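Below: a set of structures, written as structure tokens.
Each of the two complexes below includes chain A, the first together with chain B, the second together with chain C.
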Partner chain A sequence: MEIELDQLLADLQSLDHSDPSSLRASLDQIQSRVENLANVARSGPVRRPKVECQDMSSEVVDSNPYSRLMALQRMGIVENYERIRDFSIAIVGAGGVGSVAAEMLTRCGIGRLLLYDYDKVELANMNRLFFRPDQVGMTKTDAAVQTLSDINPDVVLESYTLNITTVDGFETFVSSLNNKSFCPSKEGTGVDLVLSCVDNYEARMAVNQACNELSQTWLESGVSEDAVSGHIQLLIPGETACFACAPPLVVASGIDERTLKREGVCAASLPTTMGVVAGLLVQNTLKFLLGFGQVSPYLGYNSLKDFFPTMQMKSNPQCSNVACLKRQEEYILAEPARDAAAKAKLEAEPQSVEEGPLHEDNEWNISVVDDNEPEGVDTKSSDVLPEGFTREFPSADESPSLDTSEAPVTDDDDLDALQKQLEALNSA
Partner chain B sequence: MEGWDPNTKSTLTQIPLLTTKAGPRDGTAWTQRLKEEYKSLIAYTQMNKSNDNDWFRISAANPEGTRWTGKCWYVYNLLKYEFDLQFDIPVTYPSTAPELELPQLDGKTQKMYRGGKICLTVHFKPLWAKNCPRFGIAHALCLGLAPWLAAEVPILVDSGMIKHKDDAATSAES
Partner chain C sequence: MEIELDQLLADLQSLDHSDPSSLRASLDQIQSRVENLANVARSGPVRRPKVECQDMSSEVVDSNPYSRLMALQRMGIVENYERIRDFSIAIVGAGGVGSVAAEMLTRCGIGRLLLYDYDKVELANMNRLFFRPDQVGMTKTDAAVQTLSDINPDVVLESYTLNITTVDGFETFVSSLNNKSFCPSKEGTGVDLVLSCVDNYEARMAVNQACNELSQTWLESGVSEDAVSGHIQLLIPGETACFACAPPLVVASGIDERTLKREGVCAASLPTTMGVVAGLLVQNTLKFLLGFGQVSPYLGYNSLKDFFPTMQMKSNPQCSNVACLKRQEEYILAEPARDAAAKAKLEAEPQSVEEGPLHEDNEWNISVVDDNEPEGVDTKSSDVLPEGFTREFPSADESPSLDTSEAPVTDDDDLDALQKQLEALNSA
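And then the complex of A and B:
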């Protein structure tokens, strides 16, 4: 605004020397510019008040921030949209994807948001959405809370400026997920879903560890470092593959898709790809929470070919993560109960009438095959990769013989003595 | 291990391997792991000293052994360049490697993540993943930090990004 005012002043001064015949037009132009500026000044930051009662109104008036969302019920998409006020979502990483996802959920009127990040806003982040240049230097969590509480004061915001891969940070992370003060009646942890929007393998493994231990369902997201592809993945501990079940041993070789490298100085990023991935992530979050549509177990996004592959990954019985194996055991134990519940649900639904054959004759013996049916050989030998895949990392080669022979030998050593020995070497 | 020079290879084979797969949240198993870490670090330091190739100091900065601080140095054109070295043991250790930090070089090279974490993604992380849990801190220094210093310090010095401490002192006086 300052720049515009200065320019206006300069223009006014130049009027002195200008031709009287064009004075009229110049004056009109200046008048309209002043009016615009006055409008901008008048509509300065006004905080919208909190919605008074706990109910979301479906009344269609300009002043109701939720009218368009409540219309989802009228359209028959969502049964009870207001339930969104009861849900807590944890967003780990407030970068290009996480911050946008947070804004989307805030605008949707989510009950509570927990934000985790340890980084600061930089000018280099301005090619992405959400953060503004005047927030440079603030922590991403502080800047996010500032913007989000302005957009929707109804949302309860909790921010944690910490690194979840360190021991202390991880403890705070886990205890914050477990905090049920927002919704004491909740079973399990205090949050309904964890969204991982981090940019590196270590942090994903830390989220994976926490969610496996807490048996907490989470959604993972990522954008490749060349900024042209991304993915989201649903992880239900014990049921679907955890992040350690399928370590990044394989990557599609069609394009360079190293989605697991983090944002260094050299990584590229686009607001478009990040916006698309954040959109896919939050759309699936809403479907998961409000119970409409289907939540994709894995959804890829290849922007070069506009290709959206989906797939399913079962948990790995040889997973290296102990907590994951425990959850897998529980999942298998709970199978009879699950089957019974599914059967009961099936019976409760109105029986469909026995259908006769759709076509009387089938001259060419055409039959429909289920997409999900495994296709024999490939799934059996895990060493054989499908065509188009290469191993990014060498495959793990655990050698149990080595472990059994060497493990119990050295319990008699004293930690302090060893420490002193190293210090002695250090000072020598 | 193709592509590594025979020197590094022979050094590596002499660093004792670790056997306990335990992270900082695993109680007594972590203590056992910590003992193994110390043993391999002691062996590696001794080996370096006896080969006249001493190039780092590292010690635990807290009793739990989850934070480590020290120094590392590299000799280039007969001048010694020394840097602070620090790292945390991640909660998911040893599934994920420690992220080695040289905070003084933060922002001076592209081969580094924010906060001075050196880039290990290509040359070291695959090796660590393959050798989990047998590799420890000593291996991370030998295969992660040492080659990084050998590659980056000459470039940093030649491009004038870092100055030897004697040069820096004289140029400040003049």
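And then the complex of A and C:
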């Protein structure tokens, strides 16, 4: 386009004004060239129109951006997919994990996204997904809003170009989480979940502090400096370990991690590891929001061996974080109410069905037909698939190695022992 | 831009030719508007210049797109990252998995990518990563080349808009895999690995046929129709099971899968599941190409429980695929040579070091210093990290649950039994 416009400019500058008829002919030609350029510009990037809230259609047509998501409902995975539009998610850090998590949630049609980052896009970020070379020099939040609003104009995007580890930044962070204008009737804060996608412990401690103060559930994520492993972790203030309950050694020992960084040395990163971690993070976000499957308390990813360790960590009664101790107290006080609610829920659920016919009478003469399925093929599964669909692999329930995927569980004793070691280290 | 050009066109059309001096003034004004438009067009998306082969720098500056990848070498993960530029990868299917896999490999700086797809971009694809709403109506291969060449102009992109399950499409597919112009000295075909990212068994069988005929190693991937699970699988003709050795029921029973698709019903899909599968697929591709970590023979992903089953399948001597049987024969014939090579390699490697001092004398008076690390913290690891870096979690070698992540192994007996059942089913 710029080449055509430059040529047009040159021709305008060299117009011969001495001969009116030749000037007229030249201008007619210029006019038709501008017409062509306008047509070319019109065919460039255009946004699709917004889809109104009441119109999240499950109709299977190629022009419906939500058809493959609404299909989750018809296939029995999610009870009510449209609820996704009611949720607000805060993503702290728009780097290799946060930006991809934001894109996934945007494409899933999340209601509102809050993005926090203070950094700018560099060419050195191009080995991760999401940012484009033409965005180099823009703030990551501006570049993210540009890309995400083009992808899905239905999502409400709020971006905060700030550093949450500064006093002002932390204050704005907390007050933005508390803003309930998107969903005034919501209990607690204005967001449903905070996703931590930062690359340093100082920022993680800031997210931890804010979430402990606000009693806000969050999902933490991280990728190792050698780029080949990562993790996600669910943190529920008062219930699970907070980030200060069992901190990494660099935090517990009070070392300023900036002293660990050396001139001319950078951490490695890969789009694969970060893509997997972002995918696991947002999948667990969807499970948490829409109430399907099981949300993992901790899930690691060791890509060298394709090994995925899991564990659970309870809160630490000797935690150094005051807000965490306050949440732990509230959690213990609420125990009788929790137990009563769990009991009531259990009683309200239908009893498990015994072997035998569900209905004594059979006025439609319905009988069980043997499909001639060969022996050994899994026919015992309780999750019924729609007709014509085959299973990817046996469900985890029936797999001989399921129980092992949930080991090892770190119990209280281990945590206590670890805490004592860390305290000894700090006081040394 | 189109609004400005439309206005310019209108002003050109309404020029007053009766008064030369007013015409001149109007044209001067139009000239300066075109100048502005040319400047705006110039500031739009620009590609970064190509990085020459000899210049894949590991310098840690923000303007180096490869600095975070070259860091893999310095951190001891990869021996020679620059080799990535010598490799060719074929990706069959540019959908939710294939397009993301292509973007990951492009950002990693792969040498050459071959893309195959016959489909067009639809708004209904917007719930997966990669394609943008402004690309709706373009072929997936054209849209992919547009995006990928903007991201990394160093990658050689070849796109094939064709259906590999047609006679002509299959022929072009096979001959493009055989084309060795990118790296004439390469043994075997012209590509290092084929990634199958298709969504139907007919296309998988076509990839299987081509790879068996060419003795081409490939990685298969898939996502379930309910969008919440997926898998990747390594297929080495003659050595591992091919796709026909233990086919899914829908293939073994000879059903035309198109009869299973019903009007107005579409499969569900999620950007999360597809992003995780693409990440696992490309991570194993990088391990295969650059020789680090372990390539998984089969890795499943059950997202409802964050469960990752693994298994191994040997080739089936009763396989229905003639080319597979030929490769199996060759594999058996090459066994003595393989054993000899493995023995020679083992003998060439240094013997494992016994406990005790490496050197009897100690002229520099080097002694082992106790770093005061607390008990229980992993200090036995043989993978040494650079100073100042902490580990994400204990290495899989030391975890009590490692061995279970590699179970269950499907042995020959199971496969024989399964094959007999399938044969009985087909002959019934």
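What we mean here is this: the second predicted complex is superposed on the first by the 287 of 428 C-alpha atoms of A that agree within 3 Å, B and C clash if a C-alpha of one lies under 4 Å from a C-alpha of the other, contacts with A are read in each partner's own complex, and residues count from 1 in each chain.
To be clear about the criterion, a residue touches a chain if its C-beta (ideal position, glycine included) is under 8 Å from a C-beta of that chain, and two chains touch if they have at least 3 such contacts.
Keep in mind it's a predicted model, so treat the numbers as computed, not measured.
By the touch criterion defined above, A:M138 lies against neither chain B nor chain C after alignment on the C-alpha atoms of chain A.
Looking at the superposed arrangement, the partner reaching more residues of chain A, out of chain B and chain C, is C.
Once chain A of one complex is fitted onto chain A of the other, the partner contacts of A:L304 are limited to chain C, with no touch recorded for chain B. Legend: residue contacts after superposition of the two complexes on their common chain; A:F292 is shown touching chain C, with no touch to chain B.
Applying the stated contact rule after C-alpha superposition, one finds that A:A246 touches neither chain B nor chain C.
Once the two complexes are overlaid on the shared chain, A:D119 sits against chain B while remaining clear of chain C. Looking at the shared chain after the overlay, A:I77 reaches chain C, while chain B stays out of its contact range. Legend: residue contacts after superposition of the two complexes on their common chain; A:A206 is shown touching chain B, with no touch to chain C.
When the two complexes are laid over each other on chain A, chain A has residues 261-262, 264-266, 392-393, 395-396, 402, 407, 418, 421-422, 425, 428 in contact with both chain B and chain C.
Of all residues in chain B, those touching chain A in their complex are 19-20, 24-25, 31-32, 34-36, 38-39, 41-42, 45-46, 49, 57-60, 64, 66, 70, 88-92, 95-96, 99, 110, 112-114, 119, 121, 125-126, 129-130, 132, 134.
Per the touch definition, chain A reaches chain B in the complex via residues 119, 164-167, 170, 201-202, 205-206, 208-209, 244, 247, 261-266, 320-321, 392-397, 402-403, 406-407, 410-411, 413, 415, 418-419, 421-423, 425-426, 428.
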